[in-house]
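Structure below; questions to follow.
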Amino acid sequence: MSAVLAVEGLRTHFFTRAGVVKAVDDVGFALERGKVLGLVGESGSGKSITGYSIMGLVDEPGRIVAGSIRLEGAELTRLDREAWRRLRGNRIAMIFQDPMMTLNPVLRIDTQMVEALRAHQRVSHAAALERCREALAWVGIASPDERLRAYPHQFSGGMRQRIAIAIALLNRPAVVIADEPTTALDVTIQGQILFEMQRLCRESGAALIWITHDLSVVAGLADSVCVMYAGRIVESGPVDAILDAPLHPYTRGLLESIPSRNPAGRPLAQIPGMAPSPMALAEGCAFRERCARASTACGVAPAVSNPAVSRTLRCVHPLQ
Amino acid sequence: MAAYALRRLGQSLLVLALMSLLVFVGVYAIGNPIELLVNPEADDAERLRAAHALGLDKPLLVQYGVFLLHAAKGDLGRSFVYNIPAIQLILQRLPATLELALASTVIAIVIGIPLGLLAGLKPHSWVGRSIMAGSILGFSLPTFWVGLVLIMVFSVHFGWLPPNGRGETVSLLGVPVSFLTLDGLRHLAMPALNLALLQLSLLVRLTRAGTREAILQDYVKFARAKGLSTGRVIGVHVLKNILIPIVTVIGLELGSVIAFAIVTESIFAWPGTGKLLIDSINQLDRPVIVAYLLVIVTLFIVINLVVDVLYSLLDPRVRLATAAPAH
Amino acid sequence: MRIATTARPALPAARLERVESPWRRLAEEFAASRLALLGLALLVLLAAVAITAPWIAPQNPYDLAQLDVLDSQLPPGSHSLSGKAYWLGTDDQGRDMLSAILFGLRISLTVGVASTVAALALGLALGLAAAYFGGWLDALIMRIADIQLSFPAILIALILLAALGQGVGKIIVALVTVQWAYYARTVRSAAIVERQKEYIEAAKVLALPEWRIVLGHLLPNCLPPLIVVATVQVAHAITLEATLSFLGLGLPITEPSLGLLIANGFQYLLSGKYWISFYPGLALLVTIMSINLVADQLRDILNPRLKR
């Protein structure tokens, strides 16, 4: 099956007064129809900016400086603004982290849903409302008629996120990018949302990119995983392979620092040091300072290697 | 909601009563109007008679008591100068002032909000920067000086617009208004523009600040992610959010505008309450001053109340705060 | 039209490249705007001119002996019979406008700054007291401030001056009365936020005397918004004084500020002798504008919500 989304050599840089921030520095992956990709990394790794780049939402002082993004065969980086706009919310959709502020607090739910439909299709207001009603029911919101006339602040966080999901899926996009959508929610709700999203994507055939800093979330959800560090993908592959046999020291560090993996009563395992500032990236492997396996060979940025089928790795001292 | 309104009303009445006392006592201290109204050659007996006729020989508290009694009946004394009820005098001149204030507010809104939006969306472009520089200019220009310059340019130099007075009026719902006649508009143009300047600058800056904050918000990001056109994102999502505080500020500033009209009216000899006040101060026409202050205080209190209520109606978060979040 | 809405990439915290004094950083950020620098330069120039007015003015406009009424209402650039140049013309009394403006500037600036400083001191004291002691003192002070702030300054000042009469001291009283509430309210809001912070608790636990806590710890952290308010208020004070003088209620004729000069020239406007009002007005305008330019930049760089 050909990939519905293929990203290759993506570089998104921010040209600020303080210097050039290489937020995304040579990122590539492929996403198949109906599959889920987990994009994992800590704050500052560039995972959110990757999502924005694919959506075309990167603005001054940042821009995509190199690379290709192919959505259903079409090259996105060469599109003009109007063409981008037609794709957004239509063929690619995005869900954000904090549902409290994602929905406009002074507009009604139906206004915000109907406009998402009417921005891309010619439908009557009544027909649009009907579709919205169905969409709300589909994401598991009861009595949709009342809900449509309400305002965002009248809902709980979990409900708001469901509404945001409903809006994202309204136009049956081919790709949905979810940027840490459960981080701001209660743990119990997190599980529900995760489950819903899985179901919805399966039912609609949309491919999903789930951006998160939490590997454990990705474990039950994703088909494949990309681990990002300092703007680069350091390791990628099928989820089971990555979780059972990580090759990059950073991935192992992430896995080991998950609290449930640590025996009770012992200090939690940590990766020593801190993530580097994207402005002060030295030559070579960005993880060098914190890696126990580092050597002088790491002074040169490791190229992407293929240690196994559909796995990539950027490391000259892999774990196996 | 009703309890809140009632409480505000009660507070307002208290403030009104307090202000009336302050006003009365303060104005009393201004000076002895007898000196002005009576021939300086007059002897003491004449002065006493005049004072008695105007009730000025009674002790302060008694005068205040009498004043309150009359005020409750709507009688705020007679003007020493014009010899008609002060309240009538004020009400005669009020439409002119209100017309001026409202005209300038309209000008400020129509020009100010779009300019502020533009400046907020492109803060570092030369357009944005010149709008901001312009607003600083508008802020810094003393109202009366701008009035002078306007007269210099449009009346003296070009001779297009008349420098003083109010134009022809027609009656609208029993109130004389001048903006419906061409002559009236010609007279209204400069004073209204002059008065609008301060409000305009304020609105531009407010709108700009609000816009700059608003476009950093997540809901704008989400609106763009939905593929909405830029026009809709700004015109609906951003605008509706920033309009709420702006409308309240406009409402609250209305009182200021009416007060500032004092200056504009003086420059352009606009026959409103402001000019009346200045003249009354110079002539020590106390009842008129008192009446003016009380009318203004009442006006302010009413405006504040209305703005408060309006705000709670406009912002759905306040209006529907009682709804319990559902799961 | 482009809207720059997307967030910057998240930079990991606690990365201090250089440790520099906050004043230095303030100065650097301030200098980022050329307009603000221009404003500051103008301001310094005006202050210098105003202070040295008695020495640099071509003529002392209050010395009646130096005036020649035959020279009255001369346009700018003309010369007196004795060869003196009147750069900006003369007024109805034969006074050299340039000198009158220099002296007027002096008075306007003095009154403006003096009243601002006094109002600042008063408002600061009351605001800090209200924030620190809370309770009924807080409620009382804030109630008064609120009521006063809900009325336009010009109205309050008008009535006060009508009651008090003319004079420099009286106008300063009026200006202080009108302004103190801004400072009080600003200081109180900032102080209330600061009061709840932990370093104040720590100071209390150390049993430091109250005045030390308030002055040494609370006050410095409330300064940024106060600086902005004070700068803007100087401009307001100057404008208000000018307006009041223009209306005939401010300073007496013996000490004309720029406002009074403008008022004096008003009657000659319609006959084309614009310079008697225009140039004092220009001086006023430049003064106010430079203050506002400086204040604007200060406000932008001290506003935490725009720091992203």
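So that you can tell them apart, the chains are marked A, B and C in the order they are listed, and the count of residues begins at 1 in each.
Going forward, a residue touches a chain if its C-beta (ideal position, glycine included) is under 8 Å from a C-beta of that chain, and two chains touch if they have at least 3 such contacts.
Just so we're clear, the structure is a prediction, and the values are computed from it rather than from any experiment.
Ranking all chains by how far their C-alpha centres lie from the centre of subunit C, first place goes to A. If you tally contacting C-beta pairs for each pair of chains, B-C comes out on top. Subunit B and subunit C, compared by their mean Cα positions, are separated by 24 Å. The distance from the centre of subunit A to the centre of subunit B, each centre being the mean of the chain's C-alpha atoms, comes to 53 Å. Multi-chain contact residues, meaning those touching two or more other chains, occur in subunit C at positions 3-7.
Residue positions of subunit B touching 2 or more other chains, listed in rising order: 221, 224.
In subunit A, the residues touching two or more other chains are 57.
Per the touch definition, subunit C reaches subunit B in the complex via residues 1, 3-7, 35, 147, 150-152, 154-155, 158-160, 162-163, 235, 239, 242-243, 246-249, 259, 262, 266, 269-270, 272, 274, 277-278, 281, 284-285, 288-289, 291-293, 296, 305-306, 308. Touching subunit A in their complex are the following residues of subunit B: 217-219, 221-229, 232, 236-237, 240-241, 244, 315-317, 320, 323, 325-327. Subunit A makes touch with subunit B in their complex at residues 55, 57, 85-90, 93-94, 96, 98, 101-107, 115-116, 119-120, 150-151, 153-156, 158-159, 164, 167. Chain contact summary for the complex, subunit B toward subunit C: residues 15, 23, 26-27, 29-30, 121-122, 132-133, 136-137, 139-145, 148-149, 151-152, 155-156, 163, 212-213, 215-216, 220-221, 224, 230, 233-234, 255-256, 258-260, 262-263, 266-267, 277-278, 281-282, 289, 293, 296-297, 300, 304.
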